[in-house]
Amino acid sequence: MTTLTIDPGEFASFQPQLDRPLDAKVRELQHQGRLHHMIFGAQLTPEVLEKIRAIADIIRAMARQRKSNDRLRQLLPHKRAMLYFTQPSTRTFLSFTAACQILGVTCNEVRDPKSSSEVKRESRMDSIRMFSSYFDVIIMRSEIAKFAECCSYMMNDLERQEMRSVPVINAGSGSDEHPTQALLDMYTILRTFDFDQSDKAKSSRLTVLREKYPDLEPSPNNKTYLFCGDIHRGRTVRSLATVLAQYSGVKLLFASPDHETLRLDSDLRERLTDAGAEVREFNSLDEDYDGQSLISQVDCLYTTRIQREHNTSDDSDELESLDLSPFQLTPERVASMKEFAPIMHPFPRDSIVNELPVEVDADPRAMYFRQARNGMWARAALLVHLFDAVDSLYMARDEVGMR
Amino acid sequence: MTTLTIDPGEFASFQPQLDRPLDAKVRELQHQGRLHHMIFGAQLTPEVLEKIRAIADIIRAMARQRKSNDRLRQLLPHKRAMLYFTQPSTRTFLSFTAACQILGVTCNEVRDPKSSSEVKRESRMDSIRMFSSYFDVIIMRSEIAKFAECCSYMMNDLERQEMRSVPVINAGSGSDEHPTQALLDMYTILRTFDFDQSDKAKSSRLTVLREKYPDLEPSPNNKTYLFCGDIHRGRTVRSLATVLAQYSGVKLLFASPDHETLRLDSDLRERLTDAGAEVREFNSLDEDYDGQSLISQVDCLYTTRIQREHNTSDDSDELESLDLSPFQLTPERVASMKEFAPIMHPFPRDSIVNELPVEVDADPRAMYFRQARNGMWARAALLVHLFDAVDSLYMARDEVGMR
Amino acid sequence: MTTLTIDPGEFASFQPQLDRPLDAKVRELQHQGRLHHMIFGAQLTPEVLEKIRAIADIIRAMARQRKSNDRLRQLLPHKRAMLYFTQPSTRTFLSFTAACQILGVTCNEVRDPKSSSEVKRESRMDSIRMFSSYFDVIIMRSEIAKFAECCSYMMNDLERQEMRSVPVINAGSGSDEHPTQALLDMYTILRTFDFDQSDKAKSSRLTVLREKYPDLEPSPNNKTYLFCGDIHRGRTVRSLATVLAQYSGVKLLFASPDHETLRLDSDLRERLTDAGAEVREFNSLDEDYDGQSLISQVDCLYTTRIQREHNTSDDSDELESLDLSPFQLTPERVASMKEFAPIMHPFPRDSIVNELPVEVDADPRAMYFRQARNGMWARAALLVHLFDAVDSLYMARDEVGMR
């Protein structure tokens, strides 16, 4: 998989910080009990997720009416964001810009990897510090693993020297981490498995569903999640599975072609098992699981695209000749699923391999377009959290007479 | 002419909708008596044009004073636009962004035809639906004929399924349609042929002009329009002529080199004649028309650039060797024109062929720079109309004490 | 040095205006006692600099608090800017966009030198006039010397014809001029050499410093400035030195490798001497000046990157083999400097040549990151000045209860 590694010279001064254990790093990225930079999926604990979910729910509710929508744009109009996306990503980019615009944040962008400053041999860290001179948050996507992490350490160093410092958001760093994708996926899962409990106006869908599924509970706990497709190369799958493993009684199932480039790697398996999750692998969506049809037991299905653009000259021929039909989510397979089980996909889907046919789009369980829109709300909520504007949000909601 | 055709597989599901007669399509694009999507020039009836002209006049008047200008930006600040321009067009793009900004609409753009999602084999319709997840209107320019049309049908299908749906504006689709260019041209013509009638503060220019031109009336009716240059390949000419043919007593004259790539095609001629217009062709601006000098009888001259970039290997040599001097709007030819007759050009003009010399720029009849600025007002008016914000606009005008 | 020259045909009509003496040109760019276009460094007189500095100080103070920050964005929200940057420049571009955003100005950009209109053979002047149809100020950076200058003359011509006309800002034109870089450098120098005099809340740093440096005065007068690095090709150095030479008792020293591509040219030397400055050249930072260590006598050090991208095939080998170590600002050299002397650099710095090592960044005299941020304030101030919004700024300040 194409991931640039850090030029050791360029990031050498951060090596001691990079070498610390993950929990020490996560602590360094906090600020008075809240996230200060968003770098790792490991920062998304159930507590943090619950906080951000509550913020996102308020933002989406306020966005619905003109008056409260206007009020949202008064939350952060004094903030200017830099979207530094040297690795192309239309979807994540647009989702962040929309999130910014909802809150009145002004967007700026640098997307060309061959910007003029690189020609002039400016160091990457100088470029980032330049951005922090002009802007109030840096949202960055890069092919270079750990680049965003180093930037957050530089900002913390500057803060200790009482110099200008701004929050950093990792919007995807090589094959490494993509924490805001895990955030939006979890926001979608939390909302789906709420079964309208938090909406007092609606009668509980849960009561109805429990007649058929007596053990169903309104949380991510005690659920069976099935990941399908490109397991090994999908950093999305890796991040989300790791976050889900924090919940209790979770079963994490993985269906992929039996090829080492695609199937679950032993590292991730071990990490998930250590966290207490039950882990199983499958070679087809049509297999059985504990003596019953796999697909009928799934509470949440997360399917993905085979990332052909990451094929290497070594594995390309083999991968292109694989039979992918056992992993295609045909309407027939969807028909066997539980009636509440969300169908998720990080998108884009492959219109030629067709792992998720358009015929499924009209199914009420199809969550993938709503999932994309959830990304916008979840990212807006993250900005409100990072900028410590949660109290302002609550005040704004009260001002416009909601609740 | 380079126009990509639709991949039949990709748009197959829209074929029944594409195959309907034009008037059925036009009806589908309406919404409670107003335009819901802007796709075809045929949607621009005199009634619609009159509505949009009235809106545009209010916007331009309000933009003049700081207080009312500020009030305009409060009309649609809750709307986010996606400008999806995979076919380059600086002028149309900037005109739309300026129009959005006048109304407070936030602009977002995708302009690179090789975006990351295409590499990942996302279907075009998935890309468009993704945009509709984040944004509130899609303004699109594409080399693919009928792409915008299919998008509007998809949005209507989603609306029928009670799913998120947004308006689509065609900002140019291949050689097919460019309805907002016709809109701004008609706005310019309506304003010019108003002769200050609607401006009660000014004494009527019409009274003065009628001393010399007794039959002159303040409308597009009973006028002689001369189109000059690249008639066959200019979708601008095609659209505007079709719209003008709806008015009564209209003469549509066409002057172009006698080459089938450039001159009026029989399809358009038939359509215009069927609509009741008198149609004539000329091989030079210096010919006579009904026994008198052609150019001295013209009420409105619309000249265009020869679109060399659409020359094919077959016709390029012939086209490059044509004598274009009989179509050049020299100051001498301008001197023979009626004193009120506007000189229009969709721009850009060709600085080498020089079909419209800079010497004409200072002539009071030269409308082409004002025409460009009119595009901004007309497109802003279209947005107000599509977003059903006309009543809000009238209220805003009253609030700031205008009228 | 790669500077495109003007196509004589394209700009021929401006030749008489281009041929005038500089002071006549500078007068033409004024408007009722203030700058109307910003084209030349020569427009930055001490009086103009003092005005812009006062505006910038108010803007930066107002930006600090949420309420006054919000008020700033109400100054110019009715203005739309075009950033026409056909020569790439990330830093200057972002600095201008941030400046616009602080004041509520909406930004638009054209950055691709091969825009669609050039393919269609639109003249450059038509493109600029098109921008002026949609936008309210044109901020332009181009490889073409004198292009911005011609644009300002076109705008003045249009104004005389009572047609739409907007201000033009030169954000770098070939090797020619980069006046807003000189502006931000001077803003930094004026602030540094104020020694907190204008901040009544603070006790005067000047009193303390005078114990050690008895002749120190709070102004750019009677100071020793040392420029280091790429003297000949750095338009930044040329512009700033010219501006500084207007102050009294100024010594301008230049340290560069003894190579004609890099060292002070006789033209500039003559201009500076004529203006009354003492000028000296050095081949190393370690030389003596008037019998004492050069570096210990410097009041302000301005170091620069060797602009390798402008090496020609003729001089490249020679330039690459030069020993640059005598010009590197090592911590040891910094240790010999006066304790108040600012270290400036226009950035980017070269991370390989390392003329300004990162070890210096934490030194309190290191001004280069603050200098970058000053660019944002100074450019915002320039916009307020050009748009004649200084009175509005003072009113806004009073409204929010500052001063």
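Labels for the chains are A, B and C, by order of writing; each one numbers its residues from 1.
FYI, contacts are C-beta pairs under 8 Å (C-beta built on N, C-alpha and C of every residue); 3 or more make two chains touch, one makes a residue touch a chain.
Everything quoted here is computed from the prediction, not taken from an experiment.
> Validating interface symmetry: for the copies chain A and chain B, is the fraction of residue numbers used by both over half? Same or different.
Both copies, chain A as well as chain B, present different residues to each other, with under half of the numbers appearing on both sides.
> State the superposition rotation angle between the two copies chain B and chain C, fitting on C-alpha atoms only and giving a multiple of 5 degrees from 0 to 180.
120
> Compute the distance, rounded to whole Å, between the mean C-alpha positions of chain A and chain B.
43
> Counting only residues that touch at least two other chains, what does the list for chain C look like?
There are none in chain C.
> In their shared complex, at which residues does chain A touch chain C?
My answer: residues 10, 77-78, 80, 82, 106, 108, 110, 115-117, 119-123, 126-127, 129-131, 133-135, 161, 163-164.
> Write out the stretch or stretches of chain A touching chain B in their complex.
The touching residues are 66, 69-70, 73, 88-91, 94-95, 97-98, 101, 305, 307-309, 347-353, 358, 362, 369, 372-373, 376.
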